[in-house]
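What follows is subunit A paired twice: with subunit B in the first complex and subunit C in the second.
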Partner chain A sequence: MSDPLGIIGVGQTPYRKRNPGLSAGELVRIAVTEALADAGVGPDAIDCVIGGVAPDALSGIADIDKAAIALPGKPYFRINTGGATGSSALLAAKTWIEAGRGDVVLVVALERMGQATTAQSIFNTIFDPVYEKDFVLTTITMAALRATMLMRRDGFAGEHWAGIAARNFTQATLNPLVVGAKARSVQDVLDSPVLAWPIRRYEACPISEGACAVIVARGELARSRSTAWIRGTGAYSDTYAMGDRMRRPEGSLIEMVPLRRAADRAYREAGITDPLAQVDVLELQAPFAIIEAMAYPALGLSDIDGNRRFVEDVIAGRVPIAINPSGGAQAANPVSATALIRVAEAALQVRGRAGARQVPDARLALATGQGGATQFSTVVLLGSELP
Partner chain B sequence: MNPDDLLVLPGNWNFDYRYFAGATASRFFAELRDNRRIMGRRCPSCRRLLIPARSYCDACYVETGDWEEAGLEGTVEAFAIIATQFPGLPEPPLVIGFVTLDGADSAILNFVRGVDLSDVEAAGRRLFEQTRVRVVFAGDPQGRITDFHFVPVNQRTS
Partner chain C sequence: MVLKQWVSVDGVAARMTRSDARLSLPEVIFAVVSEALADARCTMDDIDGIVIAAHDLIDGRSLSSMITGPAAGAYLRDEIRVSEDGLVAISLAAARIQAGEAARVVVAAWGRPGEGDVERSSRAAFDPFTEQPLALSETVVSALRAAAYLREHSARGREAAAAARQERAAANPRRAPAAGARPPVYPLRPEEMGVPADVAAAVVLGTGAGPRITGVGHGTEPARLGERTLAALPGARAAVAAALARSGLRAHQLDLVELGGPTLFDEVLQLEAAGLAEPGTGLAGYAAGTWVNPSGGAAAGDCHPCGGLLRFVEAVRRRPGKALVVAGSAVASQTTTAVIIEEP
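Take a look at the complex of A and B:
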């Protein structure tokens, strides 16, 4: 049995639409300084820095991570798996430590998309220019395409998407890091304009900037602190083109095959057999309600036939698990950082440091990451107790 | 500092590129332009006919084999009705759909035209029921994916 690893420090900037008062490096420094203070260690304790930045074009600076590098003088590399960048970076840190290269890694993810004035046309550039880019593919239409698949298969309606969205946006009002959070009702969402049917404006995640830093450590350093222990992890990829994933024996586009595999792996490592009963908190990288609804069966919390009822139970607050106490990615989704924020929020919960959004007695928390057209999925299970 | 005093510099990225489609996609587009056929390649391992044409099967990771023609009707697997204009993207309203053509085992994306979009909600509900579409070729083919689009089969006049 290898020495257990855990998260000993977390630092986050507030997440807002734009930060004209701060450079990229200044945003990173705020998060890193806070994470070091939270862990009670200085920069000398850090053996390696792993940076996470997704599409550079969102900031308008190629390889913007170079411009914002934290603690120069350490080994450094960058991770990019789209929206899963932050959690992929965390898993890279775990691997680096387990490989014996060091004991303490700083993971820092940065999003500077407030500098983009045409974010959806930038997102269009992530799609295949030969066969697909001409058809207005963006993160919003990508969500809308899955939404219609789910609605036809499972009988979901606009009220379900609005119900999930209203819940997340309202919960975000307890999270001081989501700047400008506003409670929204189901009716508010349904009354907002259609962006790409069935996705409405108040269902879509806002533009968000910010930085998130997490310190991963093992050994005495971790045992002597308030640590969120890594109990299980999984990370899998899928093929690029959405059309190639429509009719496959292992599961269609809306069955989130990589997420299901990642969850199965993480549960196995953590000895979880009944996630709905055993996991206390979920932090889902679901920038749209539809992604959240798709994730429940993949995470083993419901089965596909019963998923619409499960979603209705979530909306009505009838499930024995706290979902997105931070407001989740729907309320603030700084693309490159969002999956690390889910991990950071899960860590705060099991360490009992989540402030007004703290879930009582949170002992086991699950964070997901989703990148590309659900092409990359990660699951990280964090616990308050040593594995 | 007073927020009004913070410097915000203008900028833009506007680079030209040339995208190399490769031999398989090049033949797919030549067939579309010259013969008005939508062709794919079949995976010798899992037997899926991949349309749009791929040179290798993403699932089996082997080179695809023979070229085969797909039917010119198909089933909409997923769609979206774009209702809001985003800077730099085509003007709405537009319907896009992933369609599995008859005989194919993967779905191809294109516009679905000829849908009454005067009421977007109603159009969406109608597309759940009416999933069959057919290919309409452009009059002036360019050897591009936009050389065709879909229209609903048995289009209702409302």
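Take a look at the complex of A and C:
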């Protein structure tokens, strides 16, 4: 990169199940006002606005972003890559600036899924209407299929998923943005009802609404501020069909091939050769523990065949990396915004502004985005120092 | 601002049908993207990334790019999707090449109004409390624009413009079957409407010897219709001005314009916004200017969110010296994109 760019401002609403007292525009206003104040710039400094809203059906209105996010007089467009929408929008902002289209881009992601009658009935409509819809494929059952595959292949058990979930929910109590966060033990998770075996209620992400905004800039504006520098990025897409991913030379369903490729690209750009030793903080877009467990080898933190032992080390606190200090997507998962929240939290960490959830001496943080049927993957590496 | 890297149009393809049940949507997308690759004399191995313009509500499925993305080539590649008109995807894909992120990018957009109720789908984008009870739709907004235009200016040239538009569409060998033309809403007339078609279009952008994208611009208006000026398109004016400024061209130097509006009046408003006709003279200008929508515009076939990419493909196929493509996006042209194409 000839002129480094980074995140100079972050704004987030609290994340809660529903916001009956706030319109979509009011949620966006809260996040954007905070991001502008954090960056120390006004709306006039913004060259372009990029919105992130995923399935329209979740909010019950098509193009909800047009009235809530678009800023008259500024170029505006909306990204939709499912759960990866927020991070894809951030990557579009990076593209915009590096193409010379502008110097400052405001990225805003909004989720109003509390408006849906039931989120899982909406998620059922992302699957094939003829072949899959009737046997109730949802994001929960989709994750359950991967969990059982790992249990059979590598001997994972419910305690592993519960261990990951308990850590995320407990860490979320340090994050004031996760409304109603409660510390949970492994036994709490194991005692919670089964949603779709082996996934239990306290292992699945809750329904969450909220908005997140970040401001990306380059040049003097970035150099003169507390900036989370973009050190490396990657984005890859995979086939939708799960059956097609079972046995193929590129890697099976549980290997998260697009995430691995995205990470490899980001590491190359950032000069990372040993991520476990070099990355200080992970913010993973993993709404279920199984998705987080699958991400470890894809991110080069463990070997696929030794991943169960690595997961046990993670649960026991024996790895030199902070994972989801915010509580991650398991604690709050506003679908359209969740991947941008991961980026925002990573930015707060390397800027030293994460409050009670701050990881000491965090200098390099990695955020992932995950959308579709573990199909769209992004990786963003942020550093405290100029690349 | 000078573009960091020029971008070429290496290949184009488009298909327009009406309720063709023989092929699934992914099959149509795969076929059209394959045609664009063949036109660019390359294969998917040469492609670094995919930029898609698609809308869940039009596709009839939440997060529809899960199934349609791979058909467009998004298999173990960088892929991003805009829920906007296809011309926005052209802009973002060109930016990817300008940024040095990719050398060759596929842009694809599609829509199948033949499988659904277009008016009902477009109604879902309006506010459920203050706008939907009025039965607003894209067509109703176009009718409101037409009424505002006729009230503010005059109907001079109206019949001639509609006739010229129909003649240009009839002369387009790639036009959609006209049987499915949208029913008009007063004061719009049948010959001023667009013809909804099942459309898939694909473009391969690169840094080759083909026509070059030399300017891109975007404009945004307020969301609520009450805050907009219906007899003009200030968002389109800003988009075209930005695109022309980046290309270093002036409007009078253009050899061809392809305007992506759903009705004659939307196209005329874009023509005036581009500075190619004075306010109130757009209808006459449309009739006299054979370089205005030589494809016939929406009368030859139209489909949200594919209209802009379809107009882009038509412009490239006519090998213009200097062309302008303009297209509005949801909701009711709240945002507009303009692209300048020049022969090298």
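Just so it is clear, the second predicted complex is superposed on the first by the 385 of 387 C-alpha atoms of A that agree within 3 Å, B and C clash if a C-alpha of one lies under 4 Å from a C-alpha of the other, contacts with A are read in each partner's own complex, and residues count from 1 in each chain.
As a convention for this text, contacts are C-beta pairs under 8 Å (C-beta built on N, C-alpha and C of every residue); 3 or more make two chains touch, one makes a residue touch a chain.
Note that the coordinates shown come from a computational prediction; the quantities given were computed from them, not determined experimentally.
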Review point. Touch check for A:F156: first (subunit B), second (subunit C), both, or neither?
Key: neither
Exercise for review: Pick one for A:Y202: touches subunit B only (first), subunit C only (second), both, or neither.
Suggested key: neither
Check your understanding: When the two structures are overlaid on chain A, which partner does A:R248 contact: first (subunit B), second (subunit C), both, or neither?
Key -> first
Exercise for review: Name the contact category of A:W229: first (subunit B only), second (subunit C only), both, or neither.
Suggested key: neither
Review point. Given the touch rule stated above, what does A:V53 touch, subunit B (first), subunit C (second), both, or neither?
Key: second
Check your understanding: Regarding the shared-chain residue A:Y240, is it in contact with subunit B (first), subunit C (second), both, or neither?
Key -> both
Exercise for review: Based on the superposed arrangement, let me know which partner A:Y15 touches: subunit B (first), subunit C (second), both, or neither?
Suggested key: neither
Practice item. Go through the superposed model and pick first if A:V136 touches only subunit B, second if only subunit C, both, or neither. Key: first
Check your understanding: Same subunit A residues contacting subunit B and subunit C, which ones?
Key -> 57, 60, 129, 239-240
Check your understanding: Which residues of subunit C touch subunit A in the complex?
Key -> 1-5, 50, 55-57, 60-63, 65-67, 69-70, 74-84, 88, 91-92, 94-96, 98-101, 121, 124-125, 127-128, 216-224, 235, 238, 329-331, 334-335
Point to revise | Interface residues, subunit B side, partner subunit A - complex | key: 1, 3, 6, 8, 11-13, 17, 19, 21-22, 25, 50, 52, 54, 58-59, 77-84, 86-90, 94, 96, 98, 100, 105-111, 120-121, 123-124, 127-128, 144-146
Study note, to complete from the structure: The answer for subunit A against subunit C in the complex is residues 48-49, 53-58, 60-63, 66-67, 70-82, 88, 91-92, 94-96, 98-101, 122-123, 125-126, 128-129, 235-240, 250, 257-258, 261, 371-373, 375-376
Revision key, fill the gap. Residue set of subunit A touching subunit B in the complex reads 20-21, 57, 60, 115, 117-118, 120-121, 124, 129-132, 134-138, 140-141, 144-149, 151-152, 158, 193-199, 201, 239-244, 246-248, 253
